[in-house]
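What follows is a pair of complexes built around subunit A, which joins subunit B in one and subunit C in the other.
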Partner chain A sequence: MAAYEPQSSPVLVVPPHRRGRRSSLRSWRRRDQLIYLLAWSAGIALCLIAAAIVVFLAAQGLRYLDPKLLVTSPSASVDQSHSGGILDPIEGTLTLAVLGTLIATPIAVATAVWVIEYGRPRWLARIVETSIELIAGTPDIVIAIFGLAVFQLGILAPFSFRSSAGGVYGRSFLAAGIMVSLVALPLTYTATRNGLRAIPRHLREASYALGKTRITTIRRVLLPSLRADIATGATLGLGRIIGSTAIVVVLLGATLQNSPENGVPLLGFLRGTGSTLPSYILNNSPAGEGNAPQKAYAAAFVLMLMILALNWVVGRISRAGAAAGLYAGRVAR
Partner chain B sequence: MLARLRKPWTDRRAERTLGAVACLTALAIVLMVVFVAQRAWPTFSHDGLSWLGSGGSLDNQIGSMQSTSATPPASAYFLRAWPLIYGTILTAGFAVFFGLAISLLTAIFIVDFAPPPLARLMTPVIRLLASVPSVVYGLIGVLVLVPFVGNHLISAGEKESVVNVIQLTGAGLLVSVVILTVMITPIMTALITDALASVPRSWHEGAVALGLNPLRATLAVSIRAIRPAIIAAAGLATARAIGEAIMLSMVSGGKAFAPNFADGPIVLFEPLRTVAAEIVEQVDGLSAPALRSSIYAFAALLLFSGFMLSLASHLARLPLRKYELSS
Partner chain C sequence: MSINQLVFRPPTPATARPDATTALRAVEEFSGAERMRLNEISVFYDGVPAVRRASLSIHQGEVLALIGPSGCGKTTLLRTLNRLTELTPNASHSGSITLDGDDIHELEDTRLRTRVSMVFQQPNPFPMSIFDNVAFALREQSRRRPRRRELEPLVKQALQRAGLYEEVRDKLDSPALRLSGGQQQRLCIARAIATNPEILLMDEPCSALDPRSSAVIEDLILQLRNELAIVIVTHNLQQARRVADRVAFMYLGDLVELGSTDQLFTAPRETRTREYIAGAFG
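Moving on, here comes the complex of A and B:
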């Protein structure tokens, strides 16, 4: 591993040493003591909320999650013992995650590299940066409904399928995957950009001095030392994709089972509609049609396991980066 | 062809290719504005901007849009969306207000007071809270908090008093604001903690040397220095709160009602609907032209407010560069 592994901590940076001096707390004014107390309780409260969510979902999940649920497809039934399992939503979640990440990561990395390493003309680079900020600030539901408008265009019929009446349906794994990549894009972009910014100038200059071109420098020097940042960004994006509900409800159809289109096997699957764990949870919550809280809890438990695993990976990567890195790169979002 | 690709890229070609990819993001934004505006146009042309105002029952207006034919008369586009906008402002406003207080205190706690092991623990905790999907928050809300509020906090007499207008089930303003606060607090906390940790230690130490206690020094020097970052964090959190759709459609009650503060404490339990949640609820009705146009008008409103908040956050962050603090 290169010595210049940039470190990135995706959420927050814990300062090296604290400043508090509790010994003098008694001499503080009443109001300050109150604020001190509130600060402690706010921090503890967040820990407790996080613990409560995890423990509650684990308890409910372990109660209702039958291993059989994981390998059976859901089916429509009023009787909960016959309404099947969550195989299709799990498949759908994994498909969408792979699709979204495969689309978002190269675009995000290429964009970050261009903005930082080339960035000419300056105004265009600024527009690109602003666009990414705007995409990050756009609500998921707006992205979803925009995607529906796009993929219902006649010429984009290959991405989904035509309904019997002849209109383009506009809902498919491909459509949802492309739109959901917009959700992951800003996260991967920010992580890559901050990693690039943290790489010292002299590394690039050393490479140029050896007669390497910019693109060779990027490929042989910069990208290898960016691996941790790109992985962090992609994992953060993956987490957002797995949890995104609005886009799935609007653009994947949120059907009970994954229903491939006829034709080529894999492509047919991608052109068909389906469901993911979030849409399954929504449908089985009291707010949805299924109203089967036990199934919803089981699916939520599986979903949270995935999210926790991704969080663990992010933590691992950034800690590995911290061990090897010389400086603290920061990721704003 | 393939042989050409395998050769090392020239710098010029790489620059052009990467630049073209980068422009895709700008293209996405332009397309988004164009598509949403075009689909929303009928509502704007029939109602002007008065659809943002109040008048009549929104649920009835939406209901009558669903039943119109493929070529609806101009009257079918009648829409007064104020209850949705009011609901959005109310939930987002309260959530950002409480969330800001909590995240400021938490940031001070992490940077100044927490023992190192606890401070290290806060990173994964906040990352976890930020990454719980909104549908899971909604599920906990609708299965745990809503029944709790409905059974224990609302008395039968209170339910009786408004039974002709709305049903108080527990789903409503209180649960919406509580969950929304939990959802947006981690984002703000992360941003504010980052900024606070990047304030030079010597500034704080200088203030302590002048006789301030550590907390006063933080409030007077560090917090003041990162005010732009705080405003920017609040802006981003507001954007998140306004755009939250799934969770709010699950726990905010089934009616586009405008909670009325004249009702006294019951207002906490009154149902409401936000703009984003209404889009989710009505998305199946896209085949009715009048309703489709209204839904895209809601999307246009969200898009516009999102852009404005991004712009505001960006402008607010500019002064930070002066001190070379974290942006």
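Moving on, here comes the complex of A and C:
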């Protein structure tokens, strides 16, 4: 008997997509109608709220934002026309963001790898996961005052500086960067952990079956698969860092200008005090001392643009990961 | 020392290989050199036996098929051959398995698995390029990381042996995940044979593929058996008839019958074997 060969059919025409008749909202039960309408209303309301925030800040920011503000350092002056710009807060925001992310990301990734790939003894893994949940739930102000108590210890004087009276100041970019990394760490940890859980078991087994050790499998197979997840988690954490105010006010000194310490140029900057956009906004808003709401709105607009840019980056990373097939075969969790 | 001298065992010389053109091997104890022997192997999960006192031998140049209904222990038995069952925390075993006379549990697990390689049911290329997928099997074998130009001829050889090279020669650096299902499975086979293993384990390698791709894989199995021993788990009785030299039928953890393909399918000795092949269950 001849082997079967599938026949091609050139006359087949693909019809357009059509749906049959569907049930109308009016024919549904009252409870179903209510939940349907609530779901739609909630989604639309959130869109309106987000749009209101963006539009309001954009309107106020564009009204008060002068390009000169971006390149001028702030200065203390009663006359707002001579009080300078927001260059130092922008520098401070970027410094804290980079420092916090560089500290948080490797610790979060390493912790997630240990919990998921090793996780023995189990009681220790549970303690680690609980600790991360605890840190995630701790208010920023609590982290801040804890950090202040720690970095005012004599042994940690190199992280800030000693005052003329001999006491350790405990406030610096280093101190703030280390504590603000705790804010970002749970987000990066969760993204990495979920990514590891979603990688199917057979991918690991394929590596073991080739004679690779577990650590080689983690290093060469799993972590490259998690690039997009780690990047997404780190970017979300970066967004939290940028918006953090309490830690900056307590641990960075929230001075008007960035004030480096003497010594090696970069290290001196990191050991010094300064400000970020959130602390600048707080100081200049009606709730703060500066009473310069126009500058506060301008700074808030710049901060919002940073957050929107980060959200766009997160979206690009996710789409790039999908296009590269990094999510292929993943288990939905 | 070059990477070729490090850990590779060259393919078995042609003088030691059985005649590859013979379609049926009528003897129960295969005439090729014995490579692996299982002696009273039992495997337990949480104390429950999944395989009970299985004994068989695997010979150079043959394809041994493990058949049986779902849950009979075929895959478990296959995975004990390269100690993958050890990855399951609640698994234990009794009995012995030797590879060329050496107890496999006395060998380093990573070393064993370069000699007893495995292809899985689901094609599972890594999220890397086609080249890197095959090179991954060759890297990390020594302290020195081999250069790409040292790996290129070995990767090409593996892809040629797997019958994939001509289809991918112009896109070796493109993502492996963009290949079709059949191509991915052949890539996985290339990756598995890149280190010249002595035994190739295949766990239902065609079950996730379309018939055309399955036919290509079966042809590949028939070619590869000239060079190494192959143990294949399959649900497809017709596939077992087409590719296997010997067939082992398993049922509820027991190795019920082992014989040549011709004998098992035309004149099985055991009633359960006869019933399974006739389609009475499974």
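Just so it is clear, the second predicted complex is superposed on the first by the 282 of 333 C-alpha atoms of A that agree within 3 Å, B and C clash if a C-alpha of one lies under 4 Å from a C-alpha of the other, contacts with A are read in each partner's own complex, and residues count from 1 in each chain.
Just so it is clear, contacts are C-beta pairs under 8 Å (C-beta built on N, C-alpha and C of every residue); 3 or more make two chains touch, one makes a residue touch a chain.
Keep in mind it's a predicted model, so treat the numbers as computed, not measured.
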Applying the document's definition of touch, where does A:E205 land relative to subunit B and subunit C: first, second, both, or neither? second
Check your understanding: So, A:A76: does it touch subunit B (first), subunit C (second), both, or neither?
Key -> neither
Quick check for you: in the superposed arrangement, does A:T216 touch first (subunit B), second (subunit C), both or neither?
both
Message: Quick check on the superposed pair: does A:L266 touch subunit B, subunit C, both, or neither? Answer first, second, both or neither.
response: neither
- Taking the superposition as given, does A:S225 touch the first partner, subunit B, the second, subunit C, both, or neither? second
| query | In the superposed arrangement, does A:L62 touch subunit B (first), subunit C (second), both or neither? | reply | neither
The answer to whether subunit B or subunit C touches more of subunit A is B
| Taking the superposition as given, does A:L102 touch the first partner, subunit B, the second, subunit C, both, or neither? | neither
So the subunit A residues that subunit B and subunit C both touch are 213, 216
Counting only contacts in the complex, subunit A reaches subunit C at residues 200, 202-203, 205-213, 216, 220-221, 224-225, 324-326, 328-329
Listed in rising order, the residues of subunit B that touch subunit A in the complex are 8-11, 14-15, 17-19, 21-26, 28-29, 31-32, 35-36, 39, 102-103, 105-106, 108-116, 118-136, 138-140, 142-144, 182, 185-187, 189-191, 193-194, 197-198, 201, 204-205, 208, 213-216, 219, 236, 239, 242-246, 249-251, 276, 279-280, 283, 286, 295-296, 299, 302-303, 306-307, 309-310, 313-314, 326-327
So, in the complex, the side of subunit A touching subunit B is made of residues 9-15, 17-22, 24, 27-28, 32, 35-36, 38-43, 45-47, 49-50, 53-54, 56-57, 106-107, 110-111, 113-115, 118, 120, 124-125, 127-128, 130-143, 145-146, 148-150, 182, 185, 213-216, 218, 239-240, 242-246, 249-250, 278-279, 281-282, 285-287, 293, 296-297, 300, 303-304, 307-308, 310-311, 314-315, 330, 332-333
Within the complex, subunit A is touched by subunit C residues 82, 84, 87, 109-114, 117-118, 120, 122, 124, 126-128, 136-137, 139-140, 175, 177-178, 188, 191-192, 195
